[in-house]
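So the structure is just underneath, and the comments pick up after that.
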C-alpha cells in the first residue's frame, strides 16, 4: 500500500460517495452539489493518471460550466425543494438496484479481473500535456474536431430556440 | 503514479456507471436523470483515460503506442464537447416543457402512452 | 522519436515556433546572465532551502502566498474605504486607532485599525441562522466562496524564476497555469449560487441566479482574451508568459520589455479581460448579485457575522488575486519597469554600472513590484466603483454577449493572423497583416451591430425569461426593478 | 494528349457543342441587344462558323488518315473513363477510321451548307437562336453517334439526335399538328431504340460469357475494337443463332432510325419541321444512322446470312412501298420524304446483300442529291409563300432559274441517269443485290430478289421524281393563278408563322393523312381548339409572283448540285470509295461472295434503261399537267391514288392498333395488375402492420423510466450472456 494507492483510494472513495449521493439525495440541488464534488474529484483522479490538461478541462467544462447550468435551471424552475410526490414504487427501485449490482458484478468479474495484471503505466510522462494534446488534436483529429464544433453550434442554436419564449 | 493497478480505475469507473444507470431508472426528476447521464459519461471518460494510460491493448511502444494514448484522450475531449451540447439542448427542452405545463415529473409525461 | 522529444515542454531549451516569432538575439543571453549573477549572490539561503524536503518547501510556498493574502485583506478594506471617501470628497475612517496621550497630543494612524475593529465586531456579533434554510449548503457556501480566491494564486509567479525567488514562487508552476486560473475562477460562482439558494429567500435566489448567469457569460470572453495571450506566448505557463514579456518590444526594441499591454492585440485583450474580471468578482458596476437597492443584499442577505465576513474576505481576496493575474498576464508580471536593464547595460557600456545596479534592484524588489501592481488593480476596482453606476441586467448581458465576446473572438483571429504572418514574413509583415485583419474584423463587427440594432428584445420579454418559474410576486418585483 | 494529330477530333466534336452553348446562352440576349436584323446575322454567322471549322478539321484529319497505311486506319482517342467498375469499363473514347470520318465529312459538310441555307430561310423567324441551338446540338450529337468508339456512346448520340429531331419537328410547337408529328417521331423511334438496347444487352452477354479477360478487353465489352476483333468475330461465327438475334435486334433499331418498313411512319410526318431540318436530319444525316450502324457492326451481319436476307428484303419492300405511296402525294415535301424512305430502302438492300460499302456510298450520294432536292423544294416553298402543294405550282423555272436548274440536276441524279451521282451508287447497289450470293436463306438468294425489286423501284423513282419536277417547274400553266373552289387540306411549311410571330397562327397541317386523325396523342377538345384557329391571311393569289431566293440560300444549292453532278463518279471511279472504306475486304465474306458484278445480267444497260423508262413514262403521263384523276376533287381520284395517298391504310392500321391495342393493354395493366395485384399487396401489408402495431402499442406505457428499466434489463441480460455463457462456451475469444 503505497502513498499513491492511498491517495487514489481516498479520491476514489470520495468520488464513489458523491456518485451515490447524486442518486440518493432527494433534493435535486444536493444531487447537483454531490455531482459537482464528484466531477471535481474526478479531475484529480485524472491528474493521478497524468492527464493534467484533461483534468483542468474537466473542472473548466463540467464543474465550471455544465453544473452551473444545472444549478441555474434547477433554481429557475424552482425544482430545489425535495419533491414530495417523487416516491418511486419500491419494487422498481429494488429491481433497478439489483440490476445495477448485477451489471457491476458481471462486468467487474468478467472484464476487470482479467485486466488486474496491468499495474505499470506505459504511456509517456507528458502524454497529457497541452502540447501533446494540441498537436494530436490539430493534426490527426482535426476533422472530428471541426465536426464537433459544428455540433456545438447546432446545440447553441437549438437551445436558444427551445429556451426563448419568442424568437 | 507507478503502482496503482489499472483495475482500480476501471472499478471506479464501473461503479460510477452503474450508479448512474440506477439513478436514471429510479429518479423522477428529469434534471436529476440528466445528471445521472452526465455521471455515466464521466465514468466512460475515466475508463478511456485509464486505458489510455495503461494501454493493455498496445503492448509494443512506438507509433501505435503514442497514437493509442492520444486516441484515449481525444475520445474524452469529444465526449466532453458532446456532453456540453447535449446538456444545453436537454435543459432547453426541460425549460420548454416546464413552461408548457407548470411541473416537471417524468411520470406525468406519458403522453406517448400507446 | 519518443513522445518526450515530440512534445518538448516550453520549459525545455527550444520553444515552439510561436515563441520564435518574438525571439530576439540577446534575450537568451540576458536571462542566462541574470540567473548566473543571482546564483552567485544568494548562495547560502538557497542551499538551505534546497536542503529542505520538497513537501516542506511546497508548504513554505503556500504559506508565502496565503498568509500575505489573509493579512492584506483588512488593509484592502481600509484602502477601499479611504480611497472611496477621497474620491467622494469625504474623509472616511480616520479615527480608529488614534492614540491620545495625556498631553492631549494625538498620534494619528489614519484609521488603520478600522478594519480590525470591523473584524472584531463581525466576529462577536450574534450568528443568526434563519429557520428555514438548507443548513448544510447554507454553511458550506461561504467556504466555497472563499476557496477559489486563495486557490487562484497558486500559479502566480510573484518573483523571477531564477535564484531565491525561483525556489519560493510560484506555488506550483504547472504547465497549464492559465487554464488553472480559468477553471478555479469558474468555481467562484458556487459560493454565490448556493448561498443564494440555501438561504431560503427569493431575493437571494435572484442574486444567485444573476451571479451564475453573469459568470457563465463573462467567462467566455475572458477565456478567449486569455487565449490570445497564450497564442502569443506559445505556452500556458505563467512563468513563460512573464518570460515572453521580457523580450524585445514588438521584437524590434531590445531595451524595452514586450509587455502584452504594449502590443495592440494585448491591449484589446487587456481591456476585455479587465471588464470580465470585474464581472467575475461581482464588483461594481457589475455587482448585480448584491444590488442593494434591487434585491436587498443579494445572495448574502441572510448571512450575518462570521459567514458574512467570510464572503467579504473572499471578495477582497479574489480582487487582489485577479489584480495579480492581470499584472502577470499583461503587465509584465514581477518586473517593476518595462525596461531590460541588462541589455541597456550591454548596449551602453558607459552607464553599465548603473544599469546593472537597476537590474539587481529589479530582481530583488520583484515581489514588491508585483504587490504594487496588485494594489494598482484594486485601486482600479475602487475607482470604478466610485465612478460608474450599476448596469441594468439586460445591459450586462448585452455587454457580455454582444460586445465583449465578438470583440474577443475578432481579436483572437487577428492575433492568429498576426503571429502567422510574423513567423512567415518577419516583424513588419506581421504588423501589417495584423493591422489589415484588425480593420476587417472591426468593420465586420460594426456592420453586424448596426444590422442587429433594430431588433433588441423587449424589456418585458427579458423579464419573463429572467424570472421564469419564480412566483408572480417576484416577477412583478423584478419587472419593477428592471423598468427602473 | 501526347501530340497525336487525331486528338484534334475532340475539337471536331467540341466546336458544334460550343456553338450550341453560345446559341443557347447568349443567342436571345444578343438578338435582343443588336436588334433583329443585325443580331440574327451575327448569331447566324456564329452558328455556321463552328460547323465550317469542324468540316475543315475533318478534312485535315482525313488527310492524316490517308497518310497511314490501310491496316492501321483506326485510331482511338480516349478522353476519360466514363464508367469504370470491375466488370464493365466504358471509356469516353472516339474512333477515327474511314467509316466514321466519311460520316463526319457528310455531317459537317452538308450540315454547314444547310446551316448557311437556314440562315437565309429562317431570316424572319423570331425564335432564330432557338432554331440554331437545336441545329448545332443535333450536329454535336450526330458526331458523337458516328465518332463514339463504343455502343454506349453511339446510343447517347442515337437518343440525342432523336431528341433534336423531336425538338425540331415540333419547332413551331404552337401548331398542334407539329407537336403531334414530333411526338409521333419520338414514340415510333422508341420501338427501334428498344431493339437497339436489347441488341446491346445480348452483345454484352455474349462477349462477357467469355470472361472479363476476353481478348484485350478489360471489361470494354461495348468498344468497337473489341466487338470487331478477330476473336469476337470467331465468337459470332461460333454461335450463329444468338448472332442472328442480335443482328435482327440491331436491324430493328436501324429500322426505327432509318424509317424502314414497319417503323417508317414517322418520317413523312416529320416534314412538319422547317425545310432545312428536313434536309439535314430527315434526308442527309440522321436517317442514315441505321445504315451507319449496319456498316459499323458488319461482322455481326456477315455472320448470319438470315439477317442479311431479312435486311435486304425489308429494304426492298420499303423501297417499293414508299415509291408507290409517293405517287399519291401532292405535297412536294411529302413526295421527297417518301422518296427518302425508298432510297433508304435501297441502302438496306445493299447492306443486306453484303455490299456495305455500297450502302455507305449511297448514303453519301443520297446526302448530296436529297439535300439538294429538299433545299430546292424549300426554296420553291419559300418563293411560293409557303405553299407546298404541287398542284399550285407550274412554270416556275423562269421565276427561279438557279433553284430550278439545280433541282433539275438533283432530279436526274436521283433518277439514276449517268453520270450523275445517283446512278453510280444505285448501280453499285443493284449490282450487289443481283450479283452477290450472300443473303441466302432457305436455298433462295434473297439478295437477287431484292435486286430485281430494286431495279423496278429505280424506274418508279425516276417516274415520281419526274412527276414532281415537271409539275413544279414546267407544266402547261401557272396553276397558282387560278384559286380552286375546293380548299385543299394540304399542309404548309409553317415558316410563315414567323412573319407574324406565331400570333394566332394556325394553318392546316396534313389534314387527310396527318400524323393521326384519331387523336392519337390529343383529346377532342384540343382538336376542336386547333380547328378554330383562324386561317392565316398570307396566301397565294393571282397577283403573286415568285421571286428568286437570296444567295445564302442558292449558294448551297449550287454546291450540292456540283457534288451530285460529279461526286458520284469521282468516288466510284476505280473502287475508290470501296477501298477507302474496306481496304482489305470484309471480315468474313470473301471478295468473290460480294464482288458485286452479276454474271450474265447486263446490269449497266438495265439500270440506265430503268431510269430512262421511268423518266419517259413520267413525262408521258404529266406532259399536259395534272390529269383530272389527280385534281382538286379527292372524290374523283383513282382508287390507286387514293390508296397511295392514305399509305394503303397502313398508317391508319398502325395507329389504330397502337391506340386501341395500347389502350387495352394499359387498361389491363391498370385494373388487373396495378389495382388488384400491387395495390392489394401494399394495402394488405399496411393493414397487417396496423394490426400488429395495435397489438404492440399496449407495451408502450409512455413512462420513460420503465423504458429505461427494460433497457437496463436487456443490457444486463445480454452482457451476462456474452460475458459468462458465451465465454464459457468459448464462442468468444
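Should a chain be cited, it is by its letter among A, B, C and D, assigned in written order, with residues numbered from 1 in that chain.
Criterion: a contact is a pair of C-beta atoms (placed from the backbone, for glycine too) under 8 Å apart; a residue touches a chain by one contact, two chains touch by 3 or more.
Quick caveat, the model's predicted, so the values are computed rather than measured.
Asks: Using CA atom means as chain centres, which chain is nearest the centre of all the protein shown?
Replies: The chain sitting closest to the overall C-alpha centre is B.
Asks: Consider the two chain pairs A-D and A-C; indicate the one with the greater count of contacting C-beta pairs.
Replies: Between A-C and A-D, the larger count of C-beta pairs in contact belongs to A-C.
Asks: Express in whole angstrom the distance between the two chain centres, defined as the mean CA positions of chain B and chain C.
Replies: Chain B and chain C have C-alpha centres separated by 33 Å.
Asks: On a C-alpha centroid basis, what's the spacing between chain A and chain C, in Å?
Replies: 29
Asks: Based only on mean CA positions, could you tell me how far chain A sits from chain D in angstrom?
Replies: Comparing mean C-alpha positions, chain D is 75 Å from chain A.
Asks: Could you tell me the distance, in whole angstrom, between the mean C-alpha positions of chain A and chain B?
Replies: Chain centroid spacing, chain A to chain B, equals 6 Å.
Asks: Scan chain D for residues touching two or more other chains and write them down.
Replies: Where chain D meets two or more other chains at a single residue, that happens at 705, 709, 712.
Asks: Which chain C residues touch at least two other chains?
Replies: Residues 3, 6, 468-469 of chain C each touch two or more of the other chains.
Asks: What residues in chain A touch two or more of the other chains?
Replies: 53, 57, 65, 69, 76-77, 88, 92, 96, 99-100, 103, 107, 111, 124, 127, 132, 163, 165
Asks: Residue numbers of chain A touching chain D in their complex, please.
Replies: The touching residues are 88, 92, 95-96, 99-100, 102-103, 106-107, 109-111.
Asks: Can you list the residues on chain A that touch chain C in the complex?
Replies: 27, 29-30, 33, 36, 52-53, 56-57, 59-60, 63-65, 68-69, 71-72, 75-78, 80, 124-127, 129-132, 135, 163-166
Asks: Where on chain B is chain D touching in the complex?
Replies: For chain B paired with chain D, touching residues are 21, 24-28, 33, 106-107, 109-114.
Asks: How about chain D: which of its residues touch chain A in the complex?
Replies: 705-706, 709, 712-713, 715-716, 719-720, 723-724, 727
Asks: Once bound in the complex, which stretches of chain D touch chain B?
Replies: 696-705, 708-709, 712
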